[in-house]
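To start, I am sharing the structure in question, which I have written as structure tokens.
Every chain is named by a letter (A, B, C and D) in the order it is written, and numbering of its residues begins at 1.
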């Protein structure tokens, strides 16, 4: 009914039921209750400090808001869909508790700056949590890398065996990606932590506000400079979701690899029982569902980003109701990224790696063909001919289903007379790995150095 | 606990709690309960017809399934999150009701073909509903166009006044867009209505099934041809969401126009009280929130499409758990499109149009400048010079804040001596509108013809 | 210079150079030259038939347009960037050739309906070509399937071995996807083939046009009903790009599989030399670059769809210059899809499949574990216990790196006394394959039936 | 022919022509020629410093590379499509110039680290340019704001008149958005400026490289830590395109507003002749094409981001050929953002604003209704009743097509007896604007303060 609406006075007709249903947000924005209450308390105190309301009024409001929060957290609070959103639900209950003074809370404030405030507080808290999750995962990867600096596996390009790399080096590649994610999240946070409180509907107010002091109380790093921008800006949500997109893309790559490695043709890894699922029909099954879902959910986080960007394209200033639609994509992103990081932290340490299978695949992939060519080149054969000779050796071994090191010395000599008995040292993949000593390369020292550097960063930053 | 899992026998460790949380779908896929039960009943009957289970067993299963459905619809059903998904929840309760025979329902079936079946039944039902909603909206637009075939408004290109068009013609433009949407939905439906039941896990079964008869019972138009495709195909979901994207894009355009027209600078339209919202602070406000939200939600439907396409890119055959992520984007799309169509049907008839404001804007936009140029050209002036002369007349009138028809005959003559007194008939926008008689143009007959043709289509198809 | 512009008369200042650069489209829309000329010829003839221009004028225009086309195709035509777009370039040259009558071509037409016409003719031609490409690829898949109806490979779900399938069945899964793509393209075509010619700028014209006859001459299936819709509709471009998205998603899945299969751990397939690339450093390399690029380009086609949808969101009627941006996404899509289909048609027949490697992987994957469980269940063991027994057998064989069929009869009996000597027939994967006779399943008859049905469709439709 | 390929030795068949066409990148990656040559020079010098090649060899290579660059820039260079990409084209010509020593350039390098290096150098240069463009635009907005701190315009929410704001405040809102863009670009740059040179194919090399010194020479801020990450990371491209997405979204909002304001119903602004386009048919037209195209191209930048994210989803390590597809989306983004910023800088100063039209619209929008309500509340009326009274006054004035200030004192008194003669000061929009003195609000001092702060930032940072 129109009577219910605070703004209904001039309207002859009640709001249509379908409109109430279509516009209602309390089903999802109640998630912001804690931030809404926090923000209101800071606003009440600021009003009192500025003499706009009395000190005892601010105290009554703060106490009332604390009670509302307690009711919500105990489950006693009754959410009323007809009150549209989280803000109206809380304010209505507050007024029941504290009486008419409840109405003073909205002085010099509008839902436009209020909802922007709530989202900024919420996104900031979530980004903090994401950063923690990212660091925990980096720590797990570093831990996993230890002792695996000489575990040879086939390094792939084009998904074809290319050169031997260590499992440690491979795992640490992900740590560096996640470290970048963490940096991005940290920089986004600074832009999130700018208080919009005091922008009011769009133009500021005629009251003598002190937005700085409210912002400080709420832990913000700064305060809005332009009220139109303050109420219409959703860059901070979009940037947060973008950070999540890149982080999920990294997780999706790792998941893809675990799925591949768990296939028996690879057989590089076995998922712990607690993280695999079976089949009610097929007794042999150990499915990597968690990895598949994480890969799939990456797509949904992408979709959220696309939604947000399309949302703000071409929107005139200042607030438009379209902006209400920033919430569900952000919440969905958070519901995907945070548990994905947590479950990775839990799952990775339980992975059982099979170095023998990795070594066999490395042999099978003729990863030492480059070594053979280099060996011949070092003995004076032009590299192009050395490349051809190594290619012929690969063809011979491949025909027999063997590795290069399984060929006889005489067979190798027949391909190229420059070969000597020391060739077999060169063909050892472990040796090949150890020789790759260039900075940032796959050599064992490099992996150890990377691990140290990452731990330093975790220690410094954590 | 592993003991709870049907497939747990070979697993030494229980499934981790985090894995259960991460993989669970019952929170959203319970929405498919009716389709799941429908599909199971058809499967049970088919098994009996083929002699795979006994007739009385099928009857027991069907009765049990009917009871499960009744329990769900009465609210008596207890959804158990630890049972993962809608299928297991229903099957577990069925087995409680009917005893061990419940286990026979899963004969020659797998969750892979079962979930594909459920989604196909569900999507088909929703597409049917969308088609109804689209048609209802076309009917409303046709109705609105009636009597407005000569209501002049400024036809815009580049958002600049271009030529006069009738409000009827403008409204009917949307009807043709929605008719295309309806056709697309109808064609997508044929591809949705292909039963995957009988594909089993991925390879068909060793049982002598009759997928055709089950498909017929479920109202499908066809049956899968290849079991691998049947369990891994989500094209039908993606195509449905794409249909929704285009339909929402059309609604977003109409919403954008209503938002513009409701701004007092335009003042072409007034929203009914029941469909506008006010402000608790600003007494003059009548906000078009419904239109803004619909425009914003269009972005979210787009995001859903992007998610689905990214989801299936590069997925190897056959079923992968990533595919579970098709549901939430589809449900979100449905939750947006269906109410958007419904609320438009409800809202549009209540719009109050202001022909005077439209006419004034048409004058202000010098929409008759082309008519003046044509008039001069018809009197023998080369068109280029006529164009210039008309341009000068516009400049003169604009300088005074007047329309072209407000200029004096002598003033017009001063610009071009070919002008005569009959020029004022030409400058009449209504006359200009009526002269645009080319097929599909803005002339009043054309609008009436369009309305008739659309009604024919609605009648034929409805 | 303003003087150059046809509309420049009223403008005091020249158009800025940066504006000319920013708005120019001739660099890419010249691709539409043939359609632009075709459309202009049909328009000229229609004008003559309606008595709006003289017959000899239409003939002069048509001859002039033919000459322009010849000049373009011989390379003699000089494209002039300052003339903005393909339409102005052609019209300017036409007027040089035919003199002042060239100016009459634009009677009762505007660039708004002209560009819509050109795009519709172009998109229609390309969709036709895509349909041919899709069918050619279906034909190749059918051909490849022949003789491979009993070639066992591991059917995967969750990328884990699930049940044996035939290579023929697997390949044919893609044929069905592509057939759906072809249907979608055909249905989109009907909506593309609607002529917008005669809508003029946005409102139709005062001339007595006959849009139907021009549409017929151009091979269109229908004609616009509403001029506002005709000039502002880009649904047909978006729908075409969507069809390409789904088709590319199918190709991306096949490419992903070829990339996997070509990895030596799988070793299921070898790319022909002509379709693999090597490494200048690593002699053993055979990289599947074509497949990787096709998978990657799928992402770009997706991006094009997203661009188009975001483009039209919230655009008010009628024509807005934003719509110029429909072209590059469509052209890029076409430049990806058409060659992708062609190169697949060329590459697939050259693939060398390795049935032995597939069979080995099938053994390794314990695809016969379900068969063993079914065998025990058929001998009266409750399925749950049979499932457990089969699981134990898998564990035993896995520990030794063997297949189930390598276990001794006594060993199997020790696990479950119900086992008899006939168990080994059951454990044969070929037999397992042959037993899956359900319609659409992986049995050899099903594959042969699918091939026949697809050939029928190709014959009927081609 | 296979003979042409450096890796062709082991291949019996030539590469198919279609494969060459499908995989070729030189048509677009030649854009990286300068960076490729820069990188090669640094690599050659590093090899010499490390004693891997001789000093005179490095000098010969550097001189040769300088000559290649000169040839490319003079147009003398002949790009050969059969040489696939920019790297091979340059290397082939280098070897023609310097002889066999040309082959030594590729020592301890691979195309995998080379192309990553080229892209990083290129993206870094472009981000620098974007930052300059963003700052130039901020400077223009600040300049435009000057002297307009008291120009009243209707501040809109929901596109409905809300409260009066100053034009200066409105324009400055965009400056703050662009400042954020600039910060994001600067932070992205630090992540771009990490050299991948020395990662080689994927695993580092056996040579004693000094990647740090090469990185320093190239102006990088850091060097890769993990070779697998170095060759497979495209985060930096994606992040750059994301920065462009947000920047374009801001431009699209400003463009939308200019398009609205230029419509005669608003009439707030007139585009300079040099930045508007006319119509060859409609003499009254002044179309804002630049703004429309910019809004439309925003969608294409979005599409590029979506393409890049979908591209990298689920890619296993390390280099995959899919990554070649990062280039065209980045180039297209750059071709849109850079000229968009430049043309805005050029166009905005030429906009003619119409304060009278803005003031009229502000009156029409009853922006002073809030003031009236506040006035009554200050005189003791409960706000809810004050809100109603103001609403009734709006209704009365609206009925007559007047502003609130046009009502008589007695009429206002009839609505609420608390009204006195001083009410008319309150109803003045200029006064309302001046009263909004809260920090960041629309008051004149706030705008001036914002301008100073932005200029400070520009000075400090520029």
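Here is the rule we go by: a contact is a pair of C-beta atoms (placed from the backbone, for glycine too) under 8 Å apart; a residue touches a chain by one contact, two chains touch by 3 or more.
Note that the structure is a prediction, hence the values are computed from the model and not measured.
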More contacts between chains, A-D or A-C: A-D
Gap in Å, rounded to a whole number, between the CA centres of chain D and chain A: 24
Whole-Å gap between the CA centroids of chain A and chain C: 33
Shared interface positions of chain D, touching two or more other chains: 6-7, 9-10, 156-159, 162-163, 201, 260, 279-283, 285, 287, 289, 292, 295, 298-299, 302, 305-306, 309-310, 313-314, 320-321, 387-388, 391, 394
Graph class of chain-chain contacts, one of line, ring, star, complete, other: complete
Complex contact set, residues of chain D against chain B: 156-163, 259-260, 262-266, 279-289, 292, 306, 309-310, 313-314, 361, 364-367, 369-370, 372-373, 387-388, 390-391, 394
In the complex with chain D, residue positions of chain C that touch it: 2, 5-16, 18-19, 21-23, 106, 110, 201, 272-283, 285, 287, 289-290, 292-293, 295-300, 302-311, 320-325, 328-329, 332, 339-340, 342-343, 346-347
Residues on chain C engaged by chain B in the complex (per definition of touch): 7, 9-10, 103, 108, 112, 155-159, 162-165, 169-170, 172-173, 175-177, 180, 183-184, 187, 191, 198-212, 223-233, 235, 238-239, 242, 245-246, 249, 252-253, 255-257, 260, 295, 298-299, 302, 305-306, 309-310, 312-321, 374, 383-384, 387-388, 391-392, 394-395, 435-443, 446, 450, 453
